Amino acid sequence: MELGNQLLQYLLSGLSTGAIYALIGIGFSIIYNATGIINFAQGEFVMLGGMLTLFLMETLKLPLWAAIPLAVLLATLVGLLFERLAIRPLRKASPISLVIITIGGSILIRGLSMLIWDKDTHALPPFSGDEPIMIAGATVLPQHFWIMGITVVLIALNKWFFNHTISGKAMRACSYNPRAAGLVGIDVRRMVLLSFVISAAMGSLAGIIVAPLTMTSYDVGVMLGLKGFCAAIIGGMSSGIPTVIGGLILGVLESLGAGLISSGYKDAIAFIILLLILFIRPQGLFGKPESERV
Amino acid sequence: MKKELIKYTVFALCILLAPLAFSGNYLMNVLVFVGIHTLLAVALNLLLGYAGQISLGHAAFFGLGAYGSGILSTTYEWNPWLAMLVVALVVGGFAFAIGFPILKLKGHYLAMATLGMGIIVYIVFNEWVDITGGPSGFSGIPNLELGSLVFDSDLKNYYLVWSFVLGCVLLSVNLANSRIGRAFRAIHDAEVAARVMGVNARLLKVQVFALSAMICAIAGSLYAHVMTFVAPPSFGFNISVELLTMVVIGGLGSIYGSFLGALLLTLLPEFLRFMHDYDIVFYGGLLMVMTIFMPGGLVRGIPDLFRRITGLKNKKGGAHA
Amino acid sequence: MLELKGITQIFGGVTALNNVSFSIHANQITGVIGPNGAGKTTLFNIVTGIYQQTSGQVIFEGSDISGIPVERLAAKGMVRTFQNIELFGQMTVLENVMVGLHSKSKSGLFACSFKAPWAIKEEHRIREEAHEWLRFTGINQLADVQASNLPFGKGRMLEIARAMACKPRLILMDEPAAGLNSQETVGLAELIRKIRDLGVTVVLVEHDMELVMDICDRIVVLNLGQKLAEGTPREIQDNHEVIAAYLGDDE
């Protein structure tokens, strides 16, 4: 039964990290769908969530429940600034320029974080203690429940927003056809801004809920961002369930790989999956292949 | 083409004569690294500028060249020159093989795929301790030798590295002004039309990807023999970003621009030692500023700026057009 | 020379082309006309390898070329021009035509980098021939102008020069008269005749009826994805169905 217990353990922790990847991936998809840009700085919003919360708690002595919303707000502000200062001036630029500028932005945010805070890793206190709970032989921490719970809530909010609010539908319209959307009166630029705001908010929250488990530091954004991107790719850049499934698959495979094969190569698993998907089925597991109209 | 040859000759002369001006030992050392970075930047520029393809994992090829040469010439006691050649060919072959699937991707997907590849290679460098020495690196790599000449001083390494750079630049200049260079520019401008004219865009992109990788591998081999020591951090994502910054600053598609970018980004940290912790902020800010305000890089931006300033001076009293 | 057999193209739920078949005879100028949405450009893209047809065959000089990648068609002797001229804007007029000679030259990556002697010779030949084609279309004096700075009419001439540099046996032109004024259209008609006189087969998709009736030896009419009629210009002009398709029924 040992192996069974172990597998369950890996599965559960994989689902939990997978949920985080899903949230980050949805952030990528939202921006991509609204603008056609892959925001390399997405991972930095995740990092800012954790780091800002820590900063607010330690330096301003705010309690956790106050620090979290404020941190999300601040991170969202950074997202807004980023869109205004870096993305908006480049709307007509080549894809290469757009890629380069989001890379530059991500490095800048990371660098400033390192300067303002430090290079150490920090732990955020778990939301409701760290007494492990036994489930069928596997150890689960309360934080895992927070992660799954908040993820479910965020995804439900996301779905509601895109399917049942005017702004959400307007954003979907922009993603299908920005010109047409503009012609019917949708302010495309505002939708672009909104997409960055939502992604920054979701990303930072994801960073906060996972920080008690995996620590946070100025450079966690890179890996988390890439893995979130991988989840989005598996999901075909959808901002809904397919990306969630992508994230969960990735989390579980990573966890199983780390446990059963080797933990040093754990990070490589995500990227090997990324490459395989990009090579074999770039539209993701659930998307339809694109064709070019001449 | 005449103009190109003149530019090259001036460039080559400056490079070859530079040591006469900089007899101070320390600067010579830095200039050796400027040379290696120039090789890398020119290689990336070939891909980015001419073929219009982004790579965020080029440090991986650099590392494969360095580790490959280092391990073969130390652990297996191969002739270093033979090792360099073989490693370059193997890395080129590897790039050619993964080039086909990678270059089918567009824009940011391509960037991500190269990033992923770069990170996988980096992880291998870090984890395969038996062969690579893991995080603490691999040392004891011999210097290169040519007959009785051992390349063990900064001055000798300077000429060693820069000979390769000059050779590479000459090849790049030749390529740019040839049928193949035109084919690439055509692909960049109107890919469908280029294909209709018979340009096999796919094959060419993969070929230039492989060539670019080979040059990086050679740069890696040179690095290994000059440093006699290699460690994973020199070949990570940050380095790939630095290279990208060098090419962007210099100007995409400009060979001498890449040299300029490499020169600036290698020298600046040396002169601004106190800025060590600020370097990533600096790169990030620089990338953003250059992309927004000077997308053509310094090579196009400075003459433009100059023209604008002197242009305004001439229109002193008139209304703006 | 070129035979289309039962070409059908379905995009999602829309049938763009339905069982279209006709033949193009060598050394003639054939026009393909039809109201907007008839499927002319789709047909073009299928013949020139940009789309893959849902069913049917494209037979060029006796062999089925469906599925052959675009870049191999130039070597086989087929080339096309585009409705929105796809010039290499950042290159000069001469360089554009030199790219046209790509399929008739061989120097590869290494030969060019190392400046192999045969590569240098080939480069001279490419340059000379490119000038010849510019003279053929009457724009040699613009050889060093950047292509994106050309007025539209000259750009059209450049596109044709570039296509002719491939030394094709079949050239397909997608609305070559689009955007040209009447004087330029007359020049175009002359040029197309010159091309036919060189022994090249020409197929044009066109809306300019005067041009079509003037220079075409044969005309194929498409409507709503199907072949409506085929014949000489006279026959087509007298065909009631064709008239109805364009002008609508009178009753």
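Going in written order, the chains are labelled A, B and C, and every chain counts its residues from 1.
Everything that follows uses one rule, which is that a contact is a pair of C-beta atoms (placed from the backbone, for glycine too) under 8 Å apart; a residue touches a chain by one contact, two chains touch by 3 or more.
None of the values given here were measured: they were computed from a predicted structure.
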{"item": "Centre-most chain [mean C-alpha coordinates]", "value": "B"}
{"item": "Chain separated most widely from subunit A, comparing mean CA positions", "value": "C"}
{"item": "Centre-to-centre distance between subunit B and subunit A (centres being mean Cα positions), rounded to whole Å", "value": "32"}
{"item": "Distance between the centres, which are taken as Cα means, of subunit C and subunit B, whole angstrom", "value": "41"}
{"item": "Interchain centroid distance [CA atoms averaged], subunit A/subunit C, Å", "value": "49"}
{"item": "Junction residues of subunit C - those touching two or more other chains", "value": "50"}
{"item": "Residues of subunit A engaged with two or more neighbouring chains", "value": "294"}
{"item": "Multi-chain contact residues (two or more partners), subunit B", "value": "192"}
{"item": "For the subunit B and subunit C complex, residues of the former touching the latter", "value": "171-172, 174-175, 178-183, 185-186, 188-190, 192-201, 204, 207-208, 211"}
{"item": "List of subunit B residues in touch with subunit A within their complex", "value": "48, 52, 54, 56, 101-102, 104-109, 111-113, 115-117, 119-120, 123-124, 126-127, 192, 237, 241, 244, 248, 252, 277-288, 291-292, 295"}
{"item": "Residue ranges of subunit C touching subunit B (in the complex, touch as defined)", "value": "48, 50, 69-75, 79-80, 82, 86-91, 95, 98-100, 102-103, 105, 107-109, 112-115, 119, 122-123, 126, 162-163, 166"}
{"item": "Subunit B-facing residues of subunit A, complex", "value": "37-38, 40, 86, 89-90, 93, 95-101, 103-112, 114-115, 222, 226, 229-230, 233, 262, 264-265, 267-268, 271-272, 274-275, 278-279, 282, 294"}
